[in-house]
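One structure, as structure tokens, below. Some questions next.
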Amino acid sequence: MTANKIKTLKEAVNLIEDKMTIAIGGNVLHRAPMAFVREIVRSKKRDLRIVKTAGAHDVDLLCGSDCVSIVDAGFISYETEFGLANHYRKAVETGKIKANEHACYTVMCALRAAKAGLNFMPVKGLVHSDLIAENDYFRKITDPFSGESVTVVKSINPDVAVIHVHECDKEGNAVIYGPKFDDELISLSAKRVILTTEKLVNKSKFSKQMQNIAIPGFLVDSIVVIPKGASPCSCPGLYDIDEKILKDFTSNCSKEHIEKYLAYYEAKDSVKGAFYSV
Amino acid sequence: MYSTSYTANKPHHPADIMICAIARMLKNDETIFHGVSSSLPMVAMKLAKALYAPDAVLLNIPGGVNSSSFKTSEYSSAGEELWDNSEAIFPLEKIFDLSMRGGLDVAFLSGVQFDASGNVNASVIGSYSKPKVRLPGGAGSAVLIPTAKKAIIWRTKHDKRTFVENVDFVTTRGNIHKIVTPLCIFGYENSRLYLDSISPNTTIEEVKANTGFTIFEETVPTIMEPTREELSLIKRIDPKGVRYKEFSK
Amino acid sequence: MTANKIKTLKEAVNLIEDKMTIAIGGNVLHRAPMAFVREIVRSKKRDLRIVKTAGAHDVDLLCGSDCVSIVDAGFISYETEFGLANHYRKAVETGKIKANEHACYTVMCALRAAKAGLNFMPVKGLVHSDLIAENDYFRKITDPFSGESVTVVKSINPDVAVIHVHECDKEGNAVIYGPKFDDELISLSAKRVILTTEKLVNKSKFSKQMQNIAIPGFLVDSIVVIPKGASPCSCPGLYDIDEKILKDFTSNCSKEHIEKYLAYYEAKDSVKGAFYSV
Amino acid sequence: MYSTSYTANKPHHPADIMICAIARMLKNDETIFHGVSSSLPMVAMKLAKALYAPDAVLLNIPGGVNSSSFKTSEYSSAGEELWDNSEAIFPLEKIFDLSMRGGLDVAFLSGVQFDASGNVNASVIGSYSKPKVRLPGGAGSAVLIPTAKKAIIWRTKHDKRTFVENVDFVTTRGNIHKIVTPLCIFGYENSRLYLDSISPNTTIEEVKANTGFTIFEETVPTIMEPTREELSLIKRIDPKGVRYKEFSK
């Protein structure tokens, strides 16, 4: 038998080491692995480099909790309703965090490079932008065939991808209902994949439905069963965002306010999922 | 400043005027994408599909093609309702690729500062490394504005801090089809923004007074008011008035 | 309404012009769009450039019928059972056809470049190979970040991708049962997509199953309804290869033998599919 | 030449000896890929999974992960039966990427000519531009042999035209784990092939007589005969003897 991949939240978060590059699944307020993110905060991980095309509450919380030194992203903000990601903003403005601004697609291209074992990836569209000169992860090179100039982006190689899924079996074969965002891409570019899952299901559930599996188990390192693990973000088909919590969280930028928020989730994040006997 | 409230002379909310103006720009058979925090384009695209461009292909971040869902998220333009009841799945990675290879007709993007040369800033106020204000970031702008056949920018603020002489930072530049604001529509030609038309709620003087770069045009057309048919569809598409939220911030 | 995409085989083949680059769907003996390929032969198209990671009967037939000037592929052969692709071999050996040998993956990388609007794509694995020096579509360049050398492949931009599918609706939203091979990739890298389909179905059939659609209709230019359109290759779930025909075809390399083969399929290829009223 | 027929002294078909030798090389938890025209590795992988490496991850061109289908195609190692009844789908494009990023443990590849320096030719006999014989092509060899942790090559012919002093064309070079033939297994060390072990059906003299480059080894182990358990499983995996077909060509 393969080693048991099923872990508690604490055990799984222990795989995260300071300074690691962490790719987070989901998109803005949807299907972020929030229980895992909160446990990173509780475990006081430091100097993480966070990678996400478009982040919101996840990145904001990590930035407000001093876990992060670099953020690689195309967009970090709650959407219109909840305004800007103020923890992130303040941390960047005070110089505590380096914002590696990307164009969403250049994050994808940097991950595609990692996925294919490459150090860089050409990007067609990035032509006129101060981002190229300001950032050492963009370069212009000469296309050897046409002699034209093309921008390339340096690969981003996540140490760990953390992805919240609807269900998986004990080997990590995982199904995501609704939008998959960049989760497949990050699962293919990271050295290790950690899943948090709403539900553990028997492998036979996927019989003859293997084409619906978004992440094959052999890529998965660890599995944490944590129902409502994306809350207060949404988990399509299961629950929508928790508007009250998000409004409250974004209303106040103090450390005490984050403590209060974490305390609110303390019990919920340690609820054991419906394990089936392994 | 311009008013966003309803008066006898200004019977239409700028959101509705902007939505109709945008919807009328969209052509049948066009492939059209909106991104995150984009409730105005989202409503405009659905309006266009219903009225002007029935065969348009509507794309979004979750990847639903032509989602026929009637639910509209109150807080997100990247939610599952844009995936549900869609005709096919075409996720964001593929949409970007499509634009890169010249196959995306229209992309909706925004920004925080714009100057007359067509520079767009969605990155920082102040310097990049030590910003006074760190903005959310340009999302897809830096790669989509240069590659989409028509990059349409909308911005719900029109003031001298938004339309400036020189942007603090060039997130991207050029290839702008139109910029739509509560006061006007800018076009872009010969590497310069020009005043294309103004809102029925304003005057050319007011537009100039709220724009940080020189506007040379003296007479331009007024954007057509929303029709009854358009308004009734907008209300069906967005019954909860999500489109107004961007104006209250 | 969008223009009617549904065409006869003849009409669809008329979109193919001499010298075009044609990407062919399927893999070796599986789901090749053989009816379409035969119609290319009957229409006497010339100087085509054929692109496929691993081709067999399709490429062999086109090469034996003087339709081709260049083949870009990683592998051209019937599998063990039916031996080598002798029309292809002879044409290359006599200099009639230029074989652009690839490593399967480099075809994919060249198509990925086209898909992303790029002129070239780096390829990690191609390091020690005479293929690099012998072919002008491979170059070594310097990775601007590490200073290391990396091989890049020139993009391949198919004018047309021809893909045989199990079913599609009249807009071209297409479902493929079983292995999809590189069909999604070629549909995303070609300027135009032509589908041949076993069956035309009502759009409502795909309702709530949109995640099973391999090719979205808006990418599709033309649709030909042609049941058994992959025969004598297989169409997974529907029919296996026609061993007798393939054995016969490969047993004799004469032009007359190809004529006989084409004649055998003449009536079958003009059978009208079960159109539903549009 | 060596015999492929059964005799009292040579009770096992070289296909079965090769399959068992290959299967015994595969370790538990390894991620293992076979490509097109690969019936021998296909049977060996299934045998290994059943006996030696229950947690191995078996990958193939159609993309089925650990397909449990009992059907074996008689003519293809890229057929739908490798997709049916699989645990997940991981298509060829992703398998290549996996190898490029260092995540593929074992890849099975072939070729037509091999020399002592570890050069592999699957491309042409004669010159590349005007070949005497145009071969099918190396399929994935040129990118998988350099990147897989273990590149295992099998070849059902062992003669002086196959194992040559210098290959006509280098499709790829180096990083060979083993080459398995009806006569022997070659290893690869210090940029040179060496004789690792020989088939119980042959002698070291016969191997040397059929190899075009010099073999320096004088005594090497003999490959263990297939066990009764292995043979009975092979027969279950491949009841129609597809594995023998490559030998009749």
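First chain written, first letter: the chains are A, B, C and D, and each begins at residue 1.
Convention: contacts are C-beta pairs under 8 Å (C-beta built on N, C-alpha and C of every residue); 3 or more make two chains touch, one makes a residue touch a chain.
Composition by chain, UniProt nomenclature: A, C = Glutaconate CoA-transferase subunit A; B, D = Putative glutaconate CoA-transferase, subunit B.
Computed from a prediction, not measured in an experiment: that's the story for all the values here.
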| item | value |
| --- | --- |
| Third chains touching both chain C and chain B | A |
| Selected pair, greater C-beta contact count between C-D and A-D | C-D |
| Whole-Å gap separating chain A and chain D, where each centre is the average of the chain's CA atoms | 40 |
| Chain centre separation (chain B, chain D; CA means) in Å | 58 |
| Whole-Å gap between the CA centroids of chain C and chain D | 28 |
| Euclidean distance of C-alpha centroids - chain A vs chain C, Å | 37 |
| Per-residue multi-chain contacts in chain A, two or more chains | 116-118, 124-125, 211 |
| Sequence positions of chain B contacting 2 or more other chains | 64, 99-101, 147 |
| Residues on chain B engaged by chain C in the complex (per definition of touch) | 29, 31, 54-55, 57, 64-65, 85-90, 94, 97-102, 147 |
| Footprint of chain D on chain C - complex, ascending | 27-30, 53-54, 73-77, 79-85, 88-89, 92-93, 95, 99, 101-106, 108, 123-131, 134, 178-182, 185, 234, 236-237, 241, 243 |
| Chain A residues within the chain C interface of the complex | 109, 113, 116-122, 124-125, 139, 141, 143-146, 148, 150, 152, 154, 211-212 |
| List of chain D residues in touch with chain C within their complex | 35-37, 39, 61-64, 74-80, 82-84, 91-93, 96, 99-101, 123, 128-134, 136-144, 146-147, 169-174, 245-246, 249 |
| Footprint of chain D on chain A - complex, ascending | 1-2, 114-118, 171, 173, 188-189, 203, 206-208, 210-211, 213, 216-218 |
